[in-house]
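Provided herewith is a single structure, encoded as structure tokens, for subsequent inquiry.
As written, the chain order gives the labels A, B, C and D, with residue 1 at the start of each chain.
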């Protein structure tokens, strides 16, 4: 057998999954384009087919998309980070406080917020790598802690607003044709793709995800790599906090509540194995897009809006899709074992 | 455990008023349902699984039971319906986790979202008003309170003993320690895992009723965040998230510790905003303490 | 040659048993039978299907075709539970115990097939465990957690379970792979006692001398098919090997033409409190194979882990090429030119899910991928070179490591470390569980490396291997290096040193 | 075609807003318009934005909104106005430039003063009391609290506010907070709950503690939820406006805007069966808060 012709077994399987996801995405989009676009009573074309709506999709999926990008390497190392949503909230508050109360300039406050994100990620990283504690529990603790700190700092009530237009530009305006934050998202996405698929870092994340002991015996700096992944997540969560603040024009302690679940859903839906080792950034991007289009598309269907249930419907469908994707992923294996048993 | 002791001691010194019997009874009554769910969660975690959909299950059971009660069904009928509903939801998780061997964290994440949103879709967030005779099982209030507290405690004790002294209890540990070894020893790990999920679901259904009788109406968001509280309690109580180790008593202590935070803050005249941060810190301290102990043991 | 059949009906018969995993035909129509009171050896190269065969017998796998007859009952749906009821007990390659539970509980879980709601009688359990452990001759307290036991102790617990179950059929899959000579003798005694009691024992091992010492009959498997059952008395080592591999293999160790050079590694008074190693001093020269012998738990692996920076030394000095070094992590060790092929290849040696090529380059990321940037072409070429040089049998450089047989996995693990171009290579049990064919290939590779001037430390529990391969032999006992013997020493001298007996 | 009027509560399952909806439904029927009623399941400013955007997509004609967070929702509302949608706020205001009118159920001052006066009357103008609020974030709660404190400082020097505790708009939480407050402050004479689930929660706590009469309960709440406690003598009085009328008025105002019958600068407005209301600036005034007590509470059903 020629040595070069053997396909990468699991990789080709994933390529197939990503292709499937892409097809789902396109089908979804076309469906909504057809049923979700209409002309309203004032003669304006409204709904899914408008450019505005497409930009809204980009705007709305940016923060969760960033978190999903950050979580992909985390889950590749067989870890998890439940604290990202809370950290987003904490960073939004810190940013507001630094700018409003401490009177720092916007760039300085933003820079310091990113540093705080890194520190918070560092707390997770330290506990996980130095004390060898399970990430699920550590980040469950910091999930409470970060949100709690955000509430404590603001006494639960302070809302920072009145940010200058130059900052709101990041979240509400367009730059070179696309919403500003979409550019940030694209840059981070590309960076992540390179990190995970084209550098030895990504290689070691996978190795650690498959077998941390094996990676350690191979001389890979396991602790440093894992720490890097969590710190990076902290920084990206802080970045997402800035974008969130700019989009809504306000920073409040409840920012990003529940985002961790959506981000994890997107990552898993994108084909990354929760057991670690397998997965891709492309998959995550497709997963984020599929969920965002679904959510936004449903909300343009007149039937759904008239049911007063756009939010619930998209949540329900996302959950159901995730279950379907999970079940689908094991069915072939299940059938083959059933057959061999008989 | 030690932490709980310290906190209680601290309270005794700085806020003796905390120990008045009536508020304490009220506190414990309110946490009785949580304790029941925590028992089930401890089992699930001991089998090296996790269930983050209990909050949604709790809501669904509460609303179902509430609707039936509002139609005038007696408690004797509503209770089994709620327990069965919980068991069915648990069975759904169980089939996916044990039958299809999917990772429980993602499965229950998905069922959590699905159930919660499904409920919201159907009910549009509407509250259910309960008939008066439903309160405290129709008993007098203090008798009702005692009934709840004693039920929960008896349950805890019974399950704790069963876990130690019944074959089934030991099987749960065996599966959590090493599912493959359990299979080779002639046990059926998938069946046991399934059963544990169903059991947790049924307990959630029971807990929903125990919560229902305490209030005149059901809010559909009633179980939101329950999963984190319960998991935190179990973990703070020393049940290893990697399965196979720990027991219910620890979970009980963990729950007490976490629920003491809020009233303790009031008594110590600390602002309420700190509550969540302090709970998070407690979880972290508990795992750090456990981590350090493990590290020392491994020496 | 027909084996002499005892008159009684067989305990267990397999007829035309077949089993496939996906595309791999692990067993293709095997006949097998076991008599009461015999030790029946199963022999075959890695991947021949031995483990699969016994998994059919214990119900862990269900055959695709064929039938199993136990005690005159033909069974279709055999499960582990049913197999247990029928008196079949198995000691797997990896002990299947519950590490978090105590010994008595492990024994109880295996032996008491109770209903879920039955109460557990902890006192009776303890008494029974104590009694059984005594019968097997194991000095283990019943209330210790299994995780704290050593590998052989865990195996003893497994055997205790089998004895306690009153098993009629006991299956042992490479029970001696990690046992020392003494423990092996102890195990043999237990097996012989079982045989006397009318139990049928199926015994799998790669060590031919054990088969001659213990077995009555032997069935040889090749590529998932049986190539015959013979009485052991009729066989010689060469005929057996020929049956196994279908060709003759000279089980000779490659000759040493050692011209030992400079001192590469000098270890002086090294110790580490955490792992129980203390006061170790020795040196290794370029071009030399330094064998490390000792009983299990003597601390050889721990010593290797110290040298490799996994559990850094807290006392003593280590010199490499005359320079003092302090190794605090495997990364540093690699940078200094040290390489360590670990003992447990499935868990530590290769990452089973990753492609062969990625496994091979894992320790040299910094060197072949400048600026952390992956270069796939370079990686592929390097992997192809190693696959050719070491004759790794695989579907291609991107086949996952887990698809390889044990011996080939070991070669991949070896390739990973050779790629680092080390100055010193530490091999820990390089041929454990590797079949004879692959074993001699690996030996040749090791010898070749030494001849190219590499300094090699080889840890092994296989005494013939140590004796045949080493230029000098260091013997370790309870955490310290007690003696250094010249190569070609007598087996009894090495054993005596390992046991700490005066010579 | 029918006009489409979209109405947004802060939380759509909340009994308070459901009673607003009852009034709104009545108005919609009378006016022959289609009513959409959607909002977050739990109070959440970001979700309010998304729903407004959906409505813009659908092309509704009127949006009536109870803002969870002023600044948060206003961006979306401005966008709606740009598309020709008329916007009124009710219950909790948005920023003035993001809506045409605010249907003001009662001025924060009126509510704050009424509550404080009522509390002082019950305590004999001296002693300790505590406040249970919804969340520490909600803007209107902060407003009311501010006016309560102002009135306290101005008129009742012998009374002391010992604590303000959040209840997350949950009855259970309100109950446990009240229990803790009573045992931490043995001299507490009164609990004032300024969110609707808070009142029955505080009442239940007082009842369980066996302190009926010793600790009085008043608050802002719905009659139905509190009837039982008022009759048992746990709760003395509940302060509120007529919520059904609030919803009714909001819809009438919105539709009038869309039909160009109501223009900025108007000083009065006639809303169907309810008659004429005063407009102060851009606030349509519902009237004075109402005190429900043992004597009159049974006449109301919402």
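We take it that a contact is a pair of C-beta atoms (placed from the backbone, for glycine too) under 8 Å apart; a residue touches a chain by one contact, two chains touch by 3 or more.
Treat the numbers as computed from the prediction; the structure is a model and nothing was measured.
Between the chains A-B lie more C-beta contact pairs than between any other two chains. Subunit C and subunit D have CA centres that are 75 Å apart.
For the pair subunit B and subunit D, the distance between mean C-alpha positions equals 34 Å.
Between the CA-based centres of subunit A and subunit B the separation comes to 29 Å, rounded to the whole angstrom. Contacts with at least two other chains are made by residues 120, 124, 272-273 of subunit B.
In subunit D, the residues touching two or more other chains are 12, 41, 136, 166.
Among the residues of subunit C, none is in touch with two or more other chains. Touching pairs of chains, sorted by label, consist of A-B, A-C, A-D, B-C, B-D. Subunit A contributes residues 1, 3-10, 198-204, 206-207, 210-211, 213-221, 277-278, 336, 340-341 to its touches with subunit C in the complex. Considering their complex, residues 165-168, 170-171, 173-174, 176-178, 180-188, 244-245, 299 of subunit B touch subunit C.
Listing the residues of subunit B that touch subunit D in their complex gives 15, 17-18, 20, 22-23, 26-27, 30, 120, 123-127, 129, 132, 141, 145, 214-217, 219-222, 224, 262-263, 266-267, 269, 272-273. By the touch criterion given at the top, residues 20-22, 62, 64, 310, 329-331, 333-334, 340, 342, 347-355, 358, 362-363, 365-366, 369, 372-374, 380, 384, 387, 395-400, 416 of subunit C touch subunit A in their complex. Contact residues on subunit A toward subunit D in their complex (touch as defined above): 38, 40-42, 44, 46-48, 53, 56, 60, 151, 155-157, 159, 161-162, 172, 248-250, 252-255, 257, 299-300, 302, 305-306, 308-312.
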